[in-house]
Amino acid sequence: MPPRLNILSSACKALARGVTRPVTVAAAPHQQQQNAFLMAAARRFSDNTTSPTTPPGQDDSVLHPSMFPQNQQSDHQIALSKLEMVAYGLNPFDVSVDGHKFGLPELPIPSEMHKSYRYDAVVNLMTKLLMKDGKLAKAQRDMTLILAYLRKASTPKLNPARPLVGYAPAPEFLPLDPVMYLRVAIDSVAPLIKIRHFKGMAGGGRALEVPAPLAERQRRRTAFGWILDAAAKKKSKGSGRTMFPHRVAEEIVAVVEGKSSVWDKRFEVHKRGTAVRANLNDFRLKTLM
Amino acid sequence: MASTTRHGLTSALRGVPKTLYTRQTQSLQQQFQSLRLSESAAVTNGCRCLTTEAIKAAPEVDLEALKTRKVHEVRHARAIPASPGYFSRVAKFNDTYIALEKLLAQYGNLPTIPATEVERVQWRTYSDFATGVGEKIRLIDYKRCLAIVKRLNQIHPKLKPAVVKTALESFKREIQAYKNVPKPIPIDKFGRALGVGKRKSSSARAFLVEGNGEVLVNGKTLAEYFGRVHDRESAIWALHATGRADKYNVWARVDGGGTTGQAEALTLAISKALMAHEPALKPALRRAGCVTRDPRRVERKKHGHLKARKSPTWVKR
Amino acid sequence: MSAPNCLRCLGRRPSTATTVTAAGRCAPFSTTAVNGNVPMRAKTPNPMAKEIGFRSGARLTIKKKKVNHNEGKAPAPGERKAYRKKIVLSNDNALPVPWLKNMNAEHLASPQSAGKVLSLPSELQDQLRASEAFQPSQNWGFFRKPSTLVRTETVDLVTRMQDSASEKKTLRLVVTGSKLVGKSTMLLQAMAHAYLNGWIVIHIPDAQELVNASTEYGRIPETEPTQYMQPAYALKLLQAIKKANEKVLAKINTVSSHPELPQNIPVNTPLLTLVNAAKEAEGAWPVFHALWSELTNPNANRPPVLFSLDGLSHIMKMSEYRSPSFELIHAHDLAFVRLFNDVLSGNLKFPNGGAVLASTSRSNAPRSPSMEISLAQRKAEQAGAAPEELPKKEPYFKGYDDRVEAVLKSVEVMEVKGLTKPEARSIMEYWAASGMLRAAVDERTVSEKWTLAGNGVLGELERASLLTMKYF
Amino acid sequence: MASTANSLRLCLRTSRQTSSAVSPLLRRALSTTTARCGMPGNTSYLTPTGVTKSEIPFYNQTFQDPSEYLQTVLKDASASPRDKQRAQQMLKAWEEIPIDQKRELQQLTKDAQNEMVPLRRHMRTRPTQFWSAHEQDPDLITDEIGEDDFEEDDIMAGAHGKLEEHREYREYARIAVWEMPLLANFAKKFEPPAEGEVLRFRYTSYMGEFHPADRKVVVEFCPRDLDLTEAQQLKLCKLAGSRYNPEKETIKMSCERFEHQAQNKRYLGDLIAKMITTAKDPTDTFEDIPLDTRHYKKKKNQISFPKEWYMTPERKAELEAQRKRSLMIDTQKRARHELVDGVQMIEAGIAEMEPVEELVAVKRGKAPAARPLRR
């Protein structure tokens, strides 16, 4: 940065700081309008940093400043400093001065904006589990068909004996949010534990069964594995590329409605776990753990 | 007669100009200057070797000189080492260290610039330097040495004397990683920036120009070129993540590889071009995963394997 | 591997074959049974094999994973196809869109409604469903009510239809365009307009069915060159026509009696009864022919007729059918195709005006070079190109077909393009309002999807916004 | 000793100076080469092949001392006056030499003579044997006997080979340094072909080596450059057939039928002339035959950056206007609460749905509905 520009910018800053906001806003509405317009111009009429708050403005014939999105303090600062730069005979919108043309997205940008994490975690995991022979494209197409089916499927009738997870919304919501639908179905049937078998530890060559807790990802994986098994046993109605995804989707609906056999599997695992939980403090395990 | 010839030979080997001999005022010390170890050779082949710099052909024997000179002066010559530290354990290192200290004492009071302002230099590592010198240097000594070097390096570039610069040169690595900075992408007179991206075995060149969100890949629209929505999305991900999808037009040439590779090569190409237009977007693009080139390639097939890792089935006998 | 066999046969007990054969009849070291005049027996596993124990050692036994087929009965024949072709037009989960208006007779022709989304009234739905205007590949099933975006092209097409009807002319037009761009939807909108305005609509939903030898066919006597009728298809088509145009047909009466029909249809009977005369396949073709002659009868007051066909390139080539001399029949020798082509080429006119529309298909379409070239020429002509700078035929290419070019000599061509951004915005607003697009529809989103959809190709727009795994 | 050496040197120098007049004796005294005759006035030292010995003057005759020889030279009519006067001087010099030295010299020459006889014997080139029949390089013609035995007087054959290699290198190095630069003198500046020069010939050279392809000649020309009418040009293209390139609109023909380049070129020239005459004759212009370009595989269409995307001021303004418009639309819709947001819509829609009656969980096992239904 050449020294001259340095001085100028510091001067701009000082001036910008010197001007207090109420003055610009209240005392000089015209000025503010100008600023607002300037802001818009500065962002080349792009609405990148717009906040959803809508200011009350009825006059829509012209581009009324009050229509502009206003997260005020910073914007006024920007506009003012730009004005000062104009006063000093610099190009305020010079890219080399501030390296953007249309305003900057506020950082950190949300995680689903990352190329590798664009899909919801559950959807991603399920897609990978659907995948066979590394054919990801096919798996993704199947997943889209599943979600489409869930959207069109009629509102599920919940079974009170098979309660869904805590965060599950009202059943009317589910078809309108297929990803939530999927997540609810899977998290509801996801087992909390698995049974580990220690070979020959129970004596007489019998395996010692010990319950072990599962992490979230493991639980989901197990649950979807069960769902896929159940879907494999189904007979598909139609033909063509929709056969498999529709079977899976039907199974998911069945899970949410509490009709699926997956619930039994979960129940079995939990029962077994409670039965063998005494083995947790078995002396033979002490040697291992 | 015989002695004269031998003398001529030796003098030739030493490559000492004949004037030395003709002039009577020539000291043994001077003679043995010619016997000193040459730094460069020592550095290159890392061992102490007795070399004469620039082997010249023997000068023509002129008989007058032979007649006039008294030969017995140089007959009983003993080698006297050039450096006083010759018989110490790490002679060369000591010399350099002493030289550095002298430099510091001499120029230490020149105005310096803060260490953050100094242009970054990669100094030679301990092992590198030690092998280069060919002496068993202690690490601590080398550290001390480097401290001086860095201090000298802080001298204001405008005022830094040439001797200091030359002295520092021997401590710099041959390859300075900080020197290779990528060339900034220019924006041509049509307002285009050309970004190049690669992925797997595909490569893409994307011209990015301000526009209204049209994309042409090899002359086709995005939908015509990429059958898969996922690929289309990843192709323009840089624009999508920064909310520029409706602000720019893309005209791209892609070749090699498959659809995924081409799409993600485009991602990289477009994001580079976008950074040329708007440098301030780099952090955002980094967080969107559009800046780093994905180095993964197909793993090579190995001999004795059917594929990269698959080995043939074991057969008994 | 002969050697082990030989060693084995040394150790083997005399097998059945060798016992039977006389001595010296078989080579000493051969394992093959002698089949001279010896009656061969059915192969029986050698009882001695085990105790002699050749092929000893471990054997590779691959355990087949048993899949238990304990489900119910398999779906009946045709059921799968029915499921595949099932067309769902409503989705109760979708939110009702308050500002959605029902389509009426004037809407499609008025420029004001360009860029608006209009829903189809239920009666119209039934008519369109009867004439198979909806396709399973289109995403009607996402929304509460089937509704379409009225595009400028639609308005243009419909106004031309209206004009031709009012001037008692026949609009002859081919709808082309790239993949998924909405050609069939354009036909559907045209048909919707026709139904709403009391036209008679004959729609052939898939031209492929006419030519791929899937329905029975027979020669039509005393026709030169020989034509072929497709009675089963005729019946199907007649029923579709009846269901779709019931009201209109009930109003119109016949102007001539049709002695060739088994049932006697006196003059001034409503066409509906004429159509109903077709009960089963064999009677169907004459009835259809009679209906056709009634509709195209010059001295009768008929409503305008819309004759539309989807998948033009199928009927612009040789069909799969074979003539008695086992040669391939040209598609134009099939009676239905012939009728369509007569109108399309302008040889035959609807007395009270009407339109004949054909749309090309991109998903499943055979190449028809002469169709492509002549459509390109028509397009160039409409663009105002001089006759010498029209696209030329390859002089040495064999695959051209003069009959096709004769048909397409003077048709109009309308190319459907991608949506404009305002159109895209309006339809995306409709999607969002019915809860199928979980995003705020502002210019940026619209433009982004527009880009992803290859500059606003409608089908791609749906794929990118409705059929996606993306969690908005 | 030294004096004799001096006199010898003198003689040698003289003999060196007399370019044409050869002194066989003195020359032979220090040479191992075969006896060659220098015919006076003939500067070339070729062995007289085809010339009979009788014609050669003083062939194999030896002189006792230089004076005799010089005398002959003076007598010789064909000797140039310069040589003669040189001879005079030398004769004078010879006279001045004291007699004993002369005698010594004669003695010396005798001895030399005797020593030289075996060396001077005419060396016969070996009759080419069967094995060396096709041998190009005479150095490689050897007889195997006594080839490998190595008496300690020389370096080994390999070393000789190495030296030979070095000589070769250095020869080429010399050429590179001294002769290559001279090629610059032959450099001609390029002048584009004139109006009349429509044919472009291409020749192939393999740097003097023989190659079956170096006779090939290729000619390329554009029918439009010839002064022909449209129809004639078209006919010419049709005649050329698959040699016509529709994209570049050129005709390209080659010929390697004949043995020499010139013949091929001639043939091509005649052929083109014939074609042009045929194209010109109006009896049959192949109107009915369309131009056949099936042989030519067209390149993939060369796509290029669309011109209308270039960032001109108009374009900039247009884009600004578009953005302004779109921002206007959004802001207005926001202001009027007309901006459709899918999520909000869903929440609103759900809110106005009539609530379904709440299902109550009953104790497990009691309720039959609780038992999972199997498909």
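Chains: A, B, C and D, in written order; residue numbering restarts at 1 for each.
The rule is simple: a contact is a pair of C-beta atoms (placed from the backbone, for glycine too) under 8 Å apart; a residue touches a chain by one contact, two chains touch by 3 or more.
Values in this document were obtained by computation on a predicted structure and should not be read as measured data.
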| item | value |
| --- | --- |
| Which of A-C and B-D has more C-beta contact pairs | A-C |
| Cα-centroid distance, chain A relative to chain C, in whole angstrom | 41 |
| Euclidean distance of C-alpha centroids - chain B vs chain C, Å | 68 |
| Sites on chain C at which at least two other chains make contact | 71, 95, 435-436, 438, 440, 442-444, 447, 468, 470 |
| Per-residue overlap in chain D, given as positions that touch at least 2 other chains | 323, 326-327, 330, 346, 349, 375 |
| Chain A residues counted as touching two or more neighbouring chains | 44, 46-47, 52, 118, 140, 172, 176-177, 234 |
| Topology of the chain contact graph, where touching chains are joined (line, ring, star, complete, other) | complete |
| Residue numbers on chain A that touch chain B, as the complex places them | 44, 46, 48, 95, 98-102, 104-105, 107-109, 113-116, 118, 137, 140 |
| Sites on chain C touched by chain D in the complex | 71, 95-96, 395-396, 429, 431-443, 447, 472 |
| Sites on chain D touched by chain A in the complex | 320, 323-324, 326-328, 330-332, 334-337, 346, 349-350, 353, 356, 359-362, 364, 367, 369-370, 372-375 |
| Chain A partner contacts - residues on chain B that touch it in the complex | 210, 228, 230, 233-234, 237, 240-244, 247, 264, 267, 277-281, 283-284, 287-290 |
| Footprint of chain B on chain D - complex, ascending | 301, 303, 305-306, 309-311, 316, 319, 322-323, 326 |
